[in-house]
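Naming follows writing order (A, B, C and D), and every chain is counted from residue 1.
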């Protein structure tokens, strides 16, 4: 397929998802800082989701810059990945509104897991599509931290433990863990990750 | 016309239509899963429309990658096609809110029919514009399932029968049929459909 | 300036303006066609604005495909033109809600006039920027109907007369005249208008 | 990184931020000009933010057209800059609604300061990334008014004085100063600023 057009479509969807979340900020009803401060727990959730989208875009950019082919299968798995991200605004709004409650935080976490699974399945398809003629591309994608992390059994074990902690101890921990994981994924990228073009 | 710019404009409109539908998810008023579950019938409608847009984009991508010319007529028929898709969010919201009622399901179905007709008329124009100098392009577009389906009399006969069934029997059937048709269109594409670039 | 990037930015703004208008459709509160029909006057206004944007984009596409230079002046006049279009959603919503009242129809008309003036000023700047080195580009842009129409004294005389008619006789005439004018601009384009790329 | 894709993503976000602000215009409840006029203080704030985004885009365009490299650091600082702009709609809505009150005007001003700081940090990173192999690029970016202004101690001194004035004298002054500064940044650009492509 026309890789540039798939990328442009993907970028438009991601950019709109990112900015739709801005609509959830309520214009304060009063001209006071305390009225503005009512948005502060949403602001926290917004910042995390902004970071989330930044990490997602970066890894998608790397993977699509490398791939030599975009098949119909990759197209549909890319759509699945976009679908998981399109649910981020509602998860962010809910988690931001009830930042200390377990259900909204678990829902946010679930969307994150869906996204991670969609990402891994998409990576698999890209690796498979390049394996025979461009094994070096497949190897590079297989070395990405975001891929190795989400295909390791201990990661999902930790994730389950986290989900239990969130439920039983203190729900906002969910967002704390998410931030830590996002920062790890943002920092530990393969060395050539911004050299591709 | 500048094909790349028409494609980019089309993609922006489609991406926004897709993400506008996300705004219809209501942030639950309570931090409980039962409050979240109030969105579930809308979620069903959203997933179908997401699939719809994925199928629409895929076929548009194929047709526009092949065509050698974009005439003024093609431009305006493309706008008509975009117009039909721009009505999808309101149809989705209505059908999602009243998933068991006949009128909203029929309206959704009507938008789908409008889209199919606009698609056929657009395809015709692209086939005609390439016929003299690039007959192979016209032939390929004429072989697309989405084109053959929507230009066959039996398809429209089945469609009418479905509409009657929906009215008389069980309205959600409308969405079931739509999903089946979308999956057929997603699966049975011509073999080279993702080889063009 | 990087013409492609200015075009892409312009297209994104226009595509969003077009789709923002979709948000004004209210999901019917009841599953009945009469509830849906409450949107019908807005639908009329929406269709006109959709046509409006289609005409605007087409002419912009022609002008920007031809121009060899995008100066800072052109950039800012292009922004002014986008600003006039960004006010279209509110004008459309108001005119659609009160389709028989003079003030909303006059406001819609005013936005149209603003757009026409911004377009002429933008065209002037593009003509001037190409005059010395690419006189054929300037000549082509000067021959566009949308340019000649909006720089003729009799057009503005007719426009004033229309505005008076709208006020005194029957406000929806405003939309009727707008549609007629848009269709004329859509049909009578210069012959090569879709040959440029 | 793929510079074109980072630019396209940035443009999409900026275009959406710009048009999201349109949603804050309320469709007048009555068909009278006095009902329309209730939007007038928001209109003032909207025009200023539109100008703001025009200036921001112009300078970003210049800087990204020149840079030969987009590193991971530049990518993330670009995201930070986008984040500051994504908060503009809520600042504009609040400042437009309470145009004579100090808190909303200060908040708008604060977002402006955040944006300026993010811009300077982004410029620094771009200058550093080009220094060794393309010193002429670094030199050009260092000569931009928007960079020199926001890295001078007297500018921030004046800014602080302005903030105090706003608090103590007449809050709308904040918007007046912002407009003056934006016009200065729009007018006094380096001579070649629209020659790059």
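In this section, a residue touches a chain if its C-beta (ideal position, glycine included) is under 8 Å from a C-beta of that chain, and two chains touch if they have at least 3 such contacts.
Since we're looking at a predicted model, the values are computed, not measured.
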Averaged-CA centre spacing for the pair chain D and chain C, given as whole angstrom: 27
Separation of chain B from chain D, taking each centre as the mean of its C-alpha atoms, in whole Å: 38
Chain C residues counted as touching two or more neighbouring chains: 8, 12, 16, 23
Overall pattern in which the protein chains touch one another (line/ring/star/complete/other): ring
Which pairs of chains touch, using the document's own definition: A-B, A-D, B-C, C-D
Interfacial residue positions of chain C with respect to chain B in the complex: 7-8, 11-12, 14-16, 18-19, 22-23, 25, 27-28, 31-33, 36, 39, 47, 50, 54, 57-58, 61, 65, 186, 189, 193-194, 196-197
Touching residues (chain side chain D, partner chain A) in the complex: 1-3, 5-6, 8-9, 12-13, 16-17, 20, 23-24, 70-72, 75-76, 79, 83, 86-87, 89-90, 93-94, 97-98, 101-104, 107
